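Right, I'll just put the structure down here and ask away after.
Labels for the chains are A, B, C and D, by order of writing; each one numbers its residues from 1.
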Amino acid sequence: MVDEISEECGVIGIWGHEHASRIAAMGLFAMQHRGQEASGIAATDGREVRLVRQMGLVARLTEYCAEHGELPGHAAIGHVRYSTAGGSALINAQPFLIRHKRGPLAIGHNGNLINAKALRHQMEEMGHIFQSTSDTEAILHLVARHPSEDIDEAVRASLAKVHGSYCVVMLAKDRMFVGRDPMGIRPLCLGRLEKAWVVASESCAFDLVGATYVRDIEPGELLVIDEKGTRSLRIAESTKRAHCIFEFVYFSRPDSLIFGHSCDKIRRRLGKQLATECPAEADVVIGVPDSSNTAALGFSHKSGIRFEIGLLRNHYVGRTFIDPTQAGREYKVKLKFNPIPGVLKGRRVVLVDDSIVRGTTLRSLCRMVREAGASEIHVRISSPPVRHPCFYGMDFPTETELLASNMSVEDMRKYLGVDSLGYLSIDGMVNTARELEGQFCTGCFSGCYPDEELNKPERNQTALPL
Amino acid sequence: MVDEISEECGVIGIWGHEHASRIAAMGLFAMQHRGQEASGIAATDGREVRLVRQMGLVARLTEYCAEHGELPGHAAIGHVRYSTAGGSALINAQPFLIRHKRGPLAIGHNGNLINAKALRHQMEEMGHIFQSTSDTEAILHLVARHPSEDIDEAVRASLAKVHGSYCVVMLAKDRMFVGRDPMGIRPLCLGRLEKAWVVASESCAFDLVGATYVRDIEPGELLVIDEKGTRSLRIAESTKRAHCIFEFVYFSRPDSLIFGHSCDKIRRRLGKQLATECPAEADVVIGVPDSSNTAALGFSHKSGIRFEIGLLRNHYVGRTFIDPTQAGREYKVKLKFNPIPGVLKGRRVVLVDDSIVRGTTLRSLCRMVREAGASEIHVRISSPPVRHPCFYGMDFPTETELLASNMSVEDMRKYLGVDSLGYLSIDGMVNTARELEGQFCTGCFSGCYPDEELNKPERNQTALPL
Amino acid sequence: MVDEISEECGVIGIWGHEHASRIAAMGLFAMQHRGQEASGIAATDGREVRLVRQMGLVARLTEYCAEHGELPGHAAIGHVRYSTAGGSALINAQPFLIRHKRGPLAIGHNGNLINAKALRHQMEEMGHIFQSTSDTEAILHLVARHPSEDIDEAVRASLAKVHGSYCVVMLAKDRMFVGRDPMGIRPLCLGRLEKAWVVASESCAFDLVGATYVRDIEPGELLVIDEKGTRSLRIAESTKRAHCIFEFVYFSRPDSLIFGHSCDKIRRRLGKQLATECPAEADVVIGVPDSSNTAALGFSHKSGIRFEIGLLRNHYVGRTFIDPTQAGREYKVKLKFNPIPGVLKGRRVVLVDDSIVRGTTLRSLCRMVREAGASEIHVRISSPPVRHPCFYGMDFPTETELLASNMSVEDMRKYLGVDSLGYLSIDGMVNTARELEGQFCTGCFSGCYPDEELNKPERNQTALPL
Amino acid sequence: MVDEISEECGVIGIWGHEHASRIAAMGLFAMQHRGQEASGIAATDGREVRLVRQMGLVARLTEYCAEHGELPGHAAIGHVRYSTAGGSALINAQPFLIRHKRGPLAIGHNGNLINAKALRHQMEEMGHIFQSTSDTEAILHLVARHPSEDIDEAVRASLAKVHGSYCVVMLAKDRMFVGRDPMGIRPLCLGRLEKAWVVASESCAFDLVGATYVRDIEPGELLVIDEKGTRSLRIAESTKRAHCIFEFVYFSRPDSLIFGHSCDKIRRRLGKQLATECPAEADVVIGVPDSSNTAALGFSHKSGIRFEIGLLRNHYVGRTFIDPTQAGREYKVKLKFNPIPGVLKGRRVVLVDDSIVRGTTLRSLCRMVREAGASEIHVRISSPPVRHPCFYGMDFPTETELLASNMSVEDMRKYLGVDSLGYLSIDGMVNTARELEGQFCTGCFSGCYPDEELNKPERNQTALPL
């Protein structure tokens, strides 16, 4: 997978603030959960676009800026990155900054292009050189190749040629581009900070920098911001929506507005629906901290079973899922979680988690809960079984590593060593969301993707009993 | 305060394990919340005592060991340190390792000696030199000066001369000493890991390394461990107990056994008692994450008001209280907490916190909660007002900086900008604990200290109305 | 000068050695004097080309490799870089590694392309994107654009399109390219290490790695090395030679063979010729250590005046000329040199230096020599006045900063504060070299460059009296 | 040898300058050749003594100070340290800073105390604790123990109790002490920088900071400097002098005044005397750079054989002798030296070196010279054979590792693989120096030490033929 890297990332852009790069760094900090491997900022002062990138947490980026001076300029874009080990290097850290006939251009991208490999092959044949292994670089080549004198049109037309999911922020000397794919797969929202415009993957970035949420960037919209103001171009017409429902399930921060709705609220509803679909006789409900506490609260409220904090997280270790290397996962579980025996001992426990990917972490957790004295363990998952790959940027393992692709729910229950295991149904999940009038991509659960070319017959044959 | 540094730290000791220093590092990691400024380990292989110390998190210590090789030996002691800025340097990081007439001797100490300054002055007059500004060094000089050929007796008699709080682990080439002050002010417990003995400030260290809790080190006990086994000496007779109740209120990890009891359970009871003493008309109860969630749950269960997660913590920033520098506290609050508007908007909110020291953090939080739309805010504190200094190692600011030393509760309510403010009473707190048959030090709340010499008249005249 | 960076660098290539990247690092270490700002290595194992680059001395590169493992493969290229501050960043460090239609390709380049800006502009117009500010990237684009299926021909034809000076090493998965410009401006030689082929800017790299000098890469030669052996292609026909005579004067290590001749021998001859042209009545001859000692010995042998070591260098500071920042040059002189009063006191001193660029360093040195008691100082320069820029990679300052562009020799004597100042004549220098049958570029001395387009009338009008 | 570390170091002290610590750092930089393992500075502003120490070169110390701010104060002492691997740690880096009954006291020490072990044992028995493995700490304990109220007398009397070699600088809040052992084994000189007093191991430190040499600190003198001025106390009466002649032979910088005389001049005389004692038929004389070039020039002038630069040093590697680890010495020789074939080919070469310790470096060099084409090699050593240990701080290996302790001169010649080997005689060396009216310690050559207790019969029986 060296040539095509799936990644889940976060982007930010700000136009019209005297400390644009500092604001960008703060916003990235708020979205640190979207990528801990590398972070970077590009800024323009109207004359030059400058770039700084660092491996590791955003804190290292701000340390660097504190030492070497903030990037000057009134506009900036930023990126946090999480990627598979294969592409784990500074060369793939974003923003990318290149120079082409229209001057310098920087880009930060969250999403995954499903035709990147083909585009790359095509352009290599035409004599282009590639310096990274990221699919994002293809966008830059398309822009550079485009004959139009008008950079707005060049960017618009280039984005129209890429398929898949993308939320991009691009920075030229004199303008900023903000684009989102026509199905709106990943979230991207627009905010206002005094006179400045801010865009970010999640609204939690606005809260930290003091900006106000205005609206989502429309699917298929290309927003151009320059000194004259903002204008919206249309990348492609599309009435089809395919918001990634996994952003609600797990990825986004609960205090964010995602696809225009409160992530926390949806997550609580998923918990309630789960209680309805898969009830349990139990004494306490606990969540896997911190991401599943909200769903666990929903489960508790619906079921009337008492919510407790039965597992603690050690804050000195990062998020398991987001770690690019798999080595030592088992050991890290032990470092990261500690059960509260007083809560668990002799109790029948409902343990709510948001999803099961490989299942190794959860298995260790269940063993911990058992050893802490729980008399029964009922695992409840606030989403359906993840059985298929994501082609839009969520870095799931291959199907052979996905637990639910290889086992029936009963086998998974045995594997986890628990008394019962219940999943939310796809319908239950989508119905919860449908009240919110969204249309969602459920590819990783259903194997049915919004891009038809992905729905090859051989992809959709998994038919394990729920 | 250069000469006398108050510090709250964590210690560990292990005897009889082939990877003693690795186990010690793991245990320190579990107790990272007790000190993030520096950490160190000393180990013996029977022939030599070796030392490694690093500034920063325990992770840096393990990185160092990964690079330079684990300290060899079957026994090790370790220390994590938090200290005031004045003494913030590697020279004060522990363990200390010295050589004296009986060979090398390392020491790690949690607590604070109230006669350290006097002892130091006395020994300087006798020609001793001091290399650190820590009170711990005094113990080493006492041991070195002691005429006895028997090191056990020298250590015992030396500890008998120091007053205040101490949990010490000491390591000679051929034995380990574990001592605790006669009133048992700080926690220290003994565990078993296969054939090895482990001691640690908190039992959560046992859970991580796989050890089993055996018992607390007795107040006034000096446990000596060597190849012949263990033996208990008595430092001083004392029937008076003065366990630091603040360990339950805030400092210890909830999953730890402290003074023989579950910290989580006590913390929940404090929340219940708080609901009884200071009820509130409200829609939701939220806690200041993560330390006050347990008390908030207790409040919720007793009051019947729904518990919600209304504030989120960003895990990429450390614990406010534990940061040795005060600079930028306000800014860090904003980085660290984010309110969930969906939970707070239009709601009457009970906000439970464990204590108020300076009050600046809480004030910012209350403003956040208000801005997120709460219609009323009722702050409830699961301990009494902190009005007096701690002489036993809790690093409170001076009385002039303690909010409750300078304001009445009503003035504090106004300062925080909330609708009501309620504190747990000293009696309520102690009664909760008394069920557990402990005797506690309430000095920071009551101004009444277990060492009589600290109860000078001028110390106890604060008389602000609750 | 952001778009076009002049640089003097060093390159190495090795094909057919099991520790190719280690050998490359050793060779770079031997050529450290050619660039201290950054260093890098690319290696191939036949399947993949891998890259590592570091800012700073080669030692940092080897540290990195020691920690992360040697780059695997039987072939490697390497580069040390010195550049002006404007381009001082990892993004410009070489080798560059890109992917194009024929797979991965790495390049390291010593020299300067005089048509890089034009080529870049042309290719940007055709839709190419540039990621560095280095002229080297143009070569990669030319190769990628070239329609031929045959990579050998693509590389050959691309090099034929660039003008100026270049010694390039390029590495594909299955072959190595070694190319030199048709006038042979910079040195590049070929050696043998057992069965492996080695190329390097200077033969001193061969001595360290244990290789044997075979011959120079011919001007205009493109040597291709792969598993079938070596073959020589012709980039362009050229009978004109323009070896950079400054390599002999200053830049190369004295123990290197440069353009097929011993640098040390030429340097000594320049000293002898200088003694003939500009004799002096004096008691001792001293050189500016370490680069001018050889010329000073030549002066001493010819003149019969005793050679002495009258100035010492502190080895803990790097070479002045090679430092990319000008800040604090005066202070660094003081750190770097210390006069020996016993040698200088009361003596008439001939001080030999190889060249004068800005003159600030030499002026400080002369003051030192005077303060150490010299009764007379006669400065003798073993090359003619540097009055013109170098377009082929020697990083001279602009003409306004070149002392000899702005002052007559008599004014320079006064500026230096010495009793006499003598320069070697251009004829004298070239005659010394002509015995060796070389044809040299004297552009920086004469303003007359081998590329005719550089000899614009306005360039050649400086006419200060010698 | 953990308990008693021989070390050769450098010290500096300055009193009465507003940038005392910066001046101290500059002076240490000039004496970097005396110790590259660690460096440190202590400074006083009259109220507090502060300390900073770093492993590695002085540059790291100045980097640290640039980042964290210069140590404030009008007086400072500094130390560069070189030591054997056993004690290679920050804990042994100097200055040491302790607190005792008279307040803070810092010390930096160059030399070696022959009764340190005994003193340490004695004081440990009296209850003192030791934190380093350095003999220097003993001095601090003696001062702290001394009953006198008068710190001047306490320091004086303490120094009177230690035997061996010492040049110490000590800093209290309000005064600086400068002491030298009664036989004046190591060099220590006094200078003036405007109104400030400076002391340094070598006068080259004065040259860099702009100070003027005033005189040597007298053997047995304790100079006290405070705001009232300077006063000289007498540590012990001694008419016997035992200047370390090895400072002239190798250790000191040639531009320093050592024991009141120019090191360069003495070194040249040793070369002349060597030419007289051990003439050779040869074409060229070369020195081992850089330390032996001066002696080689002396040999050349006396013999009339032409001096040439036949070996080059790579300045990117440090001094062999001074590296605390022996590992990879052979490889480092190759990295460090490169022969000039044009100078050596077909020539009969006199190769002058200052001394032979293990002989491994020289042997590699001789092989290089041979391979570069020398027809004959005549090694000439500008000092007598080193056959005995140094007890005064020169870090020679044990006698079993000293080449001359184990081989006759003829065997050494064979070992080196050269045509002849000639050593300077002890008489020749001492006579050269005696003209300068010094009295020298020749212990490492003769086995006869100025402290009679070291001249045990068993020490002096080596009787290999010269």
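The working rule: a contact is a pair of C-beta atoms (placed from the backbone, for glycine too) under 8 Å apart; a residue touches a chain by one contact, two chains touch by 3 or more.
Because the structure is predicted, anything quoted here is derived from the model rather than measured.
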Response to the item:
In terms of CA centroids, furthest away from chain C sits chain B
Worksheet item: Quick one: chain A and chain B, Cα centre-to-centre, how many Å?
Response: 38
Discussion item. What's the distance between the Cα centroids of chain A and chain C, rounded to whole Å?
Written reply: 49
Response to the item:
Here the gap between chain B and chain C, centre to centre from mean Cα coordinates and rounded to Å, is 62
Discussion item. Which positions in chain D are in touch with at least two other chains?
Written reply: none
Worksheet entry | Chain pairs that touch, as defined at the top of this document | A-B, A-C, B-D, C-D
Practice prompt. Going by the contact rule at the top, pick out the chain B residues touching chain A in the complex.
Written response: 29-30, 32, 57-59, 204, 207-208, 253-255, 262, 264-265, 290, 293-294, 297, 301, 306-309, 312-316, 318-319, 334-335, 338-343
Discussion item. Which residues of chain B touch chain D once you look at their complex with the stated criterion?
Written reply: 90, 96-101, 105, 124-125, 127-131, 133, 140-141, 144-147
